[in-house]
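One structure is given below, encoded as structure tokens.
In order of appearance the chains are A, B, C and D, and numbering begins at 1 in each one.
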Amino acid sequence: MNVSHPLFQRSCTLLKSTQLSSKTYQQEYVFPELAKISKPGQFVQIRVSAEYSPLLPRPFSILNVNANQGTLTVLFKIFGEATEILSRKLEGETVEILGPLGNTFELNRIKKLFLVAGGVGIPPIYYLLQTIDMPRYDISLFLGAATKDDLFLREEFNNMDIEKSFSTDDGSYGTKTLITVPLEDALKRGFSSSKACILSCGPMPMLAEVQRLAQKYKVEAQLSVETIMACGIGICQGCVVPLHGNTKDAKKYTLVCVDGPIYSRDELIL
Amino acid sequence: MSDLSVNIGDLRLANPILAASGTFGYGSEVARLYDVNILGGIVTKTITRAQRPGNPPDRLAETPSGILNSIGLANVGIDNFISDKLPFLRSLSTSVIVNIAGESIDDFLFLIDRLEEHQGIDGYELNLSCPNVAGGLDFGIDPKLAGKIVKETKKRSKKCIIPKLTPNITDIAVIAKAVEDNGADAISLINTIVGMSVNVSTKRPKLGEIMGGLSGPAIRPVALAMVYKARKAVKIPLIGIGGISSVNDVLEFLITGASAVQIGTFNFVNPKAPIEILKELEQYLETNNFTSVKELSGSLITR
Amino acid sequence: MSDLSVNIGDLRLANPILAASGTFGYGSEVARLYDVNILGGIVTKTITRAQRPGNPPDRLAETPSGILNSIGLANVGIDNFISDKLPFLRSLSTSVIVNIAGESIDDFLFLIDRLEEHQGIDGYELNLSCPNVAGGLDFGIDPKLAGKIVKETKKRSKKCIIPKLTPNITDIAVIAKAVEDNGADAISLINTIVGMSVNVSTKRPKLGEIMGGLSGPAIRPVALAMVYKARKAVKIPLIGIGGISSVNDVLEFLITGASAVQIGTFNFVNPKAPIEILKELEQYLETNNFTSVKELSGSLITR
Amino acid sequence: MNVSHPLFQRSCTLLKSTQLSSKTYQQEYVFPELAKISKPGQFVQIRVSAEYSPLLPRPFSILNVNANQGTLTVLFKIFGEATEILSRKLEGETVEILGPLGNTFELNRIKKLFLVAGGVGIPPIYYLLQTIDMPRYDISLFLGAATKDDLFLREEFNNMDIEKSFSTDDGSYGTKTLITVPLEDALKRGFSSSKACILSCGPMPMLAEVQRLAQKYKVEAQLSVETIMACGIGICQGCVVPLHGNTKDAKKYTLVCVDGPIYSRDELIL
């Protein structure tokens, strides 16, 4: 953990709230300090209410920032109480936001990108695509979700000049299959192992399968995981995932909030 | 300006607002957000003889006005603490209290001996909620054992020895008395209350360890009652802990008889809570014409 | 339709949703709002030998996700109960459990003997959280005393004897085992947790009695952990109590090992809560294809 | 307690919310069942939120009902969390209301009414005046509050053709005195003892002084008290006030929610 990495907490005004689908919202907040320094893959902790319920802030990936206008955008799906309350915030209201948190993707020496995202794992991949010089890379995008509604930002992705493949569990958009199926097809087709990397973000079962495929096809991978968090800054020790390379007397864990959320291919037991 | 300092045995704290063990890491994490020297003191995560990876996930679950945790005393161990964490803590002007735990009296003494070799430590908090492996039960529920740990650790260090009591006990007064009789300089209370939560759709406990410790505003009334009972049982200073989220909560504990307080779970809710509360406490003392915060302590009117 | 009935010893309850002692009066009050026969059972306010006026006000204070009360077992006494309250209860088709308390074993036996003379009672809940005047401590924290009360009351009545345990104890399993060994038909748990709250502007406790009992959603994780521990210690049915506010909460208790539950504080928040929850429980069982609610009890998966 | 007295609990829509002063609101809810049967002096329990905070419903006196339109009106001052949340309710939102609760004033044989109300004790007195045939009585109204803003409904009272006297602690409206001072002046002027009665509602210290004056001037009184409540229906035993006539071994208490809130002159230890 890099202690000198700057961190900010402040009350942020909601500038714009857009309902993307029945359960999905995109919200833009004023947070100039963060907008200047955040990187793709990082997240923020949002405290949705000053009450005791929900007590803890909730982690959300950064979908995008606008450094000039000093704004931060997140995209979220209503799961439970906190996301429900957040969805009802009106423009002009404020929430406490802490960030930027966590690490970022590493693109050194990489030319070929397999981007694999599912559900609420889509935002970090979107943010990444906003920050890189797309023509410099050979990009294949794989987006999956339970249903069309959860395939967030599909229009924006459709407008990008990259190779893409969409899939849904119910076939309501793209192919009716798990996203890891077209991924494996692509991996089978071959790639330059030294310059390729899978970047993936999504639910644990999806990441586990991506990990398996990356190992099988011997391609590097960076996997972004989600766990239950309390503090987001390494002080509660709550957000752990088991690491490979356990000694025989004790398991080892990593703190997702400070050492993650992004891990290289073989680090985690998923 | 009112005097904010308080005395815990021979230790003088600049103010009564401390960060609680296990909710403030090793100090450096929150230092990214504000100058932690503003605090009255920092209590470190519990340090044990060996490094501990802690319990399997999930380690956290939210409950009404509280959280459950089953961290399992995950910590870097005494060696790494001394080499990696103590240098930063030593550089601070605020008081540093190292929280330690062991599975035997020997473990406690070993830890104190190691720490006594180093500068920058102002006191020790003894986490008595750790199970004594031989007897199988927490040290903190056996007055004889709790007393003995205090007595032995007192022999090894001239610094403040502060046992931290568990609330999972029939009569807190008995343990409070036992540790006072054996020379404790002060008492911290309370640690978390045993609790559990179930994910109804999977039919599994929400915590990997099945049961965990409940903390946060939900437990504040329980903590306050224990401070009240301990206050009646002993004369040494008490450090109140449990669900503190605002200056009003701090005042409840001080009035009931605590000399200082620790903020735990609320560091997760709002990492700046301790310094915001401290500012409000200063304002309260000014507005209500207190010369010193010490005047508040134990000012409860019960008839 | 799934079978909602559950067995508590020889007592068959139409469904597992009961109203908790002290939060449902003597049944007639809530009967103004809905047909209380829908419930699995009603547990009366604790009845004592003599009428008790209860404690001085204030008797209530709100805390985060909970309430503190210091009612002090205010009740009409056994004579008035039999003459004024029992006739209504007897007219009900739902199960009626009379909760009793005393300051000596004799008190408990006297109460049982008096009540045995009358029809319309399906079982007795023994409130062991009442202080034993001679010993000074609660019956519920002394396994010998708790066991003895159960043994003696069992001799006086063939009806279900259900001791209700206090959570203010180091190890609930010890008491649970003691009452099982002495013939208890089931165990109710938990009663309220000792708590306190201070009015900062007056510097006085919010409750006239200084300390009181904490109830409501705040204590649910603590209650659930105690049900879990008791489940591992004994084989007799458990009735889970503590902070139940929704069908999800009921399911947590049933899955953890309770056979039935009682709703307490939530009767004050929403008097129709028990029947609303019961309807949701029926729907849950249907949707999830349970033939009987009994299948849920103890279905917790821990590995 | 009269078990057969009808009682209703339902989700009630807020029809109209009016801010009367910086901290005071008047709200009209749809509650036809209640509007048909409620009586002056009675109150309702309003649960302001489905969350756990505030957990308990809060008691509010009925300010008025409109039986034809099936509505209930309450008037409240922001004290803490619950009243704050209630004040922010928008027209069309719903809250759970339980009522009618408690007893009512008894006007049998009474001709001369001394109505004494302070602060949030004003609503029951207002409701009473809406329901009685005013010309049939000789009415003297005494309204007191800390400041002008808390002298709720002073315009409405001013429009009534009865004798009135206003006072505030800070002199911002009416006389700068405690309301019990003009009351005592009036009592001194004399009245027909057998037909007179003081009806009073307000803070405990005011009621204690009204009790003292009523005893001193030998006039009947009906005093409406407030206590902290949980259930409102007699099941929690929380809302007690001590009764006179204690036996030597134990104090006796009365349940304000079912036996009150209105008590005759000498019943309570105030």
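Everything that follows uses one rule, which is that contacts are C-beta pairs under 8 Å (C-beta built on N, C-alpha and C of every residue); 3 or more make two chains touch, one makes a residue touch a chain.
These numbers were taken from a predicted model, which means no experiment stands behind them.
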Chain B to chain D, fewest steps along touching chains: 1
A-B compared against A-C, more contacting pairs: A-B
Interchain centroid distance [CA atoms averaged], chain A/chain B, Å: 36
Between chain B and chain C, centroid-to-centroid distance (C-alpha), Å: 34
Chain centre separation (chain A, chain C; CA means) in Å: 47
Approximate Å spacing (C-alpha centroids) for the pair chain A, chain D: 57
Touching two or more other chains - residue numbers and ranges from chain C: 64-66, 216-218
Shared-contact residues (touching 2 or more other chains) in chain A: 52-53
Arrangement of touching chains [line / ring / star / complete / other]: complete
Residue numbers on chain D that touch chain A, as the complex places them: 51-53
Partner chain C, residues of chain D touching it in the complex: 1, 3-9, 47, 52-57, 96, 98, 227-231, 233-242, 250-253, 258
Contacting residues of chain C [partner chain D, same complex]: 22-25, 28-33, 45, 52-54, 56-62, 64-67, 69, 71, 74, 216-218, 245, 265, 267-272
Residues of chain B defined as touching chain D within the complex: 64-65
Of chain B, residues touching chain C in the complex: 63-66, 68, 141, 168-170, 193-198, 200, 202-205, 210-211, 214, 216-222, 224-225, 228, 243, 248, 251-252, 255-256, 299-302
